[in-house]
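Scrolling down, you'll hit the structures one after another.
In what follows, subunit A forms one complex with subunit B and a second complex with subunit C.
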Partner chain A sequence: MKQAARAYRDVIRAMVRGDRRSRIAQRAEETRKQIAMLTYKRMNIVRQQNETKDAMLNASLFKDLQLLNRQVETLKRDRAENDKSLLFVRDTALIRDSLLQERGDNERLVQHLHDIGSFLTNQREYDELIERYNGSSKLSQEETVRRTAGKVGLHVPF
Partner chain B sequence: MLRLFTRYNTAARPGLSLRPLATQASPLGVDGSTENNLKTETNRLAKTGEKFWEKVSLKDDGSQFLVQLDSKTVLTPLGNALAVDKRRSLLAMLLKKEWTNLPSLAIKTHALPLTSLVSRCIDLENVNKPDSDPEMRAKIGGDREHIANDLLRYLDTDTLLVFCPQAEFEGALRKAQDERYLPIIASVEKFLGQYSTSPIKLRVLDADVDGLRGNSQTNETRKAAKKFLESLSLWDLAIFEKTVLTTKSFICGVLLLQNKALDKSAEGLTSTMESVAQAATLEIIHQTDRWGEVEDTHDVDKRDVRRNIHAAGIVAYK
Partner chain C sequence: MFRTTLRAASPIASRAISRPLVAKSAFIGASKFVAPIRFYTAAPVDKKEITSRVIDVIKAFDKTAASSEVTGQTYFHKDLGLDSLDTVELLVAIEEEFDIEIPDKVADDLKSVGETVDYIASNPEAN
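Showing the complex of A and B:
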């Protein structure tokens, strides 16, 4: 039973570490999208402000603009790394069930859980290494093109 | 298109030509030139490299777990549903996790080892049904006979059948090889003996005696090994293939399948996945011990071998 508990703990630990990494990346991507959206809204408001001569409307537009600015600030301050909720793993029911069904004394299952833990750990470390040694692979296509052009002193015409 | 999942972009790795150990395996016999234009999720992901879904879920359809993106079942490169039977519930959970954990931007091709292997299993099973399309079979190199013949070649120069000279590493490597390999070889000979009328003797390469030369097994051995391959289910064959390509060792494939099979493994073949990985990379372990790890080579390959072996082990477990 003790061994089963240890195997279970190993798997969960590996899961949390792996999940956290990708969830931080996903969160950053989401934030980026939201900021882009808010910036677009802001641009629209500024345009409206320039067009209108109505003082009342102008004042309300100004308020909206400030609200948007605050939202963008909050988003920019958001640090996914500090989020404690990322330290919890969500879907463990299947592992628990399979352990309970076997009453935890099945050697084969325990071994299998250790394998799953090692798999998750090795996969995460592999991803991290690939990212470290090929830093540019994370950039978007446009960014890669822009940087390549920049390297030889050119500018991309858009 | 499966290849796209199983190895990372080599063009982006200028140091690759210097790498002494190429462990990234691509399935044998895949026709790289053929465009695959089937509209499946796996192909779409491979082509666009962008995340296009919101929610990943598992659907229980009574006998199988289906992996679904926004309630549409994921299809393998050949257009079959990505599904695993209910005995493999942990595998289903891990598949779901793989898709959930993908970062949304620029999905890298090495991020889905389990999906890649399970897709190969499912596609192999489907193209080997009696009324299947022979063109599809050729496309993914799915001919059983062909796969078996290709895999048999690994038995000739199996990692576990090649012994280094006594003088190397002050005899440390040879000692480790003798300790690890000899019992496994004896047990595998016994194991393959079940598939033959006469006792099997594997030919090994001893660098002290044979020097540098090729190796080939006897006809009886090949016949027995072939019979063993024919006895495997198509899922096991795909798993076996993955293991052999990763470890460059037929024997490691036998070890892995034996240890993950439902009934107890054959005598002397009990082993953990980690020790399979160690046996397959024993020489590298000694080399890095002596000379240190080369960045972007040994550290990456170490993880690559292990994640692939473990992935094969996880799919093999029922």
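Showing the complex of A and C:
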């Protein structure tokens, strides 16, 4: 049983480590999109405010605006790094069940889990190294253009 | 040709040696007034903070049975109703939270929140 638990730990550890960074990045991207959406709504409300003369409508628009501001603030304060739920693998039922079903002779399964664990770890390290040695691969198109212009002494107009 | 350059260089060299001595003594004098601060070690995490962070992690774990009351004396199996595999998951999450790796031998013996906190506090790499 101890061996099985250790193999399980290997796999879970590899999965959590591999998953966490990408999930944090994903969360940040989602937050960015939501903020952009809310900002767009805010702009619309301000435009409406400028057009109407009606005091009642204006007041309700002002309330909406405040609500949107508050939502943006909470989104900006939300830190994915502090979210503890990212420390867990979402669904472990498959590995658990296969471990619990095989009573007695589960040596092969344990070995298999160890192998999966080390494969995931090595793959993650490989990806990290690839990323580190190709520093420009993660840049956005705008950033690439800006740097290319900077290399020949030009500035990209904003 | 080289001999001439050497001869020309020697007075400069002797002057260069004498100069740093002055600079050095000036530096020693200055350091008396400015207390040096060391930045190369992070402040150790204190036990209370470790406990609260561990409890936060436990509360985020959706398989815990009675998550309302988690203290240092809480046992993973008895009080939280976790089986050995759940405990493994929880310990991995705690590892990741503190950026450490608990070796298998130690992790097999960790059975309560208090023991885990003690281990993390004894680990110099925890942050």
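One rule holds in what follows: the second predicted complex is superposed on the first by the 140 of 158 C-alpha atoms of A that agree within 3 Å, B and C clash if a C-alpha of one lies under 4 Å from a C-alpha of the other, contacts with A are read in each partner's own complex, and residues count from 1 in each chain.
Operating definition for what follows: contacts are C-beta pairs under 8 Å (C-beta built on N, C-alpha and C of every residue); 3 or more make two chains touch, one makes a residue touch a chain.
None of these values were measured; they are calculated from a predicted model.
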Are subunit B and subunit C a fit on subunit A, or do they clash, once the structures share the same frame?
fit
On the A-aligned overlay, A:Val16 touches which partner chain: subunit B = first, subunit C = second, or both, or neither?
second
Just checking: does A:Glu73 make contact with subunit B only, subunit C only, both, or neither of them? Give me first, second, both or neither.
neither
Going by the contact rule set out at the top, does A:Glu107 touch subunit B (first), subunit C (second), both, or neither?
neither
In the combined three-chain superposition, what is the angle centred on subunit A between subunit B and subunit C, taking C-alpha centres, to the nearest 10 degrees?
90
Would you check which partner chain A:Ile116 touches, where first means subunit B only, second means subunit C only, and both and neither mean what they say?
first
So in the superposed three-chain picture, is A:Leu99 touching just subunit B, just subunit C, both, or none of them (first/second/both/neither)?
second
First, second, both or neither for A:Glu125, with subunit B first and subunit C second:
first
Could you tell me if A:Lys84 is touching subunit B, subunit C, both of them or neither one (first, second, both, neither)?
second
Quick check for you: in the superposed arrangement, does A:Lys2 touch first (subunit B), second (subunit C), both or neither?
second
Comparing subunit C with subunit B, which touches more residues belonging to subunit A?
B
Superposed arrangement (fit on chain A Cα atoms) - minimum subunit B/subunit C Cα distance in Å:
17
Of all the subunit A residues, which ones make contact with subunit B and with subunit C?
none
What residues on subunit A touch subunit B, complex-wise?
15, 18-19, 22-23, 25-26, 29-30, 91, 94-95, 97-98, 111-112, 114-116, 118-119, 122-123, 125-127, 129-130, 133-134, 136-140
As the complex stands, subunit C meets subunit A at residues 56-57, 59-62, 84-85, 88-89, 91-97, 101, 104, 107-108
Subunit A-touching residues of subunit B, taken from the complex the two chains share:
8-9, 12-13, 89-90, 92-94, 96-97, 100-106, 108, 110-111, 113, 260, 272-274, 295-296, 299-300, 303-304, 306-307, 310-311, 313-314, 317
Considering only the defined contacts, which subunit A positions touch subunit C in the complex?
1-2, 5-6, 8-9, 12-13, 16-17, 20, 83-85, 87-89, 92, 96, 99-100
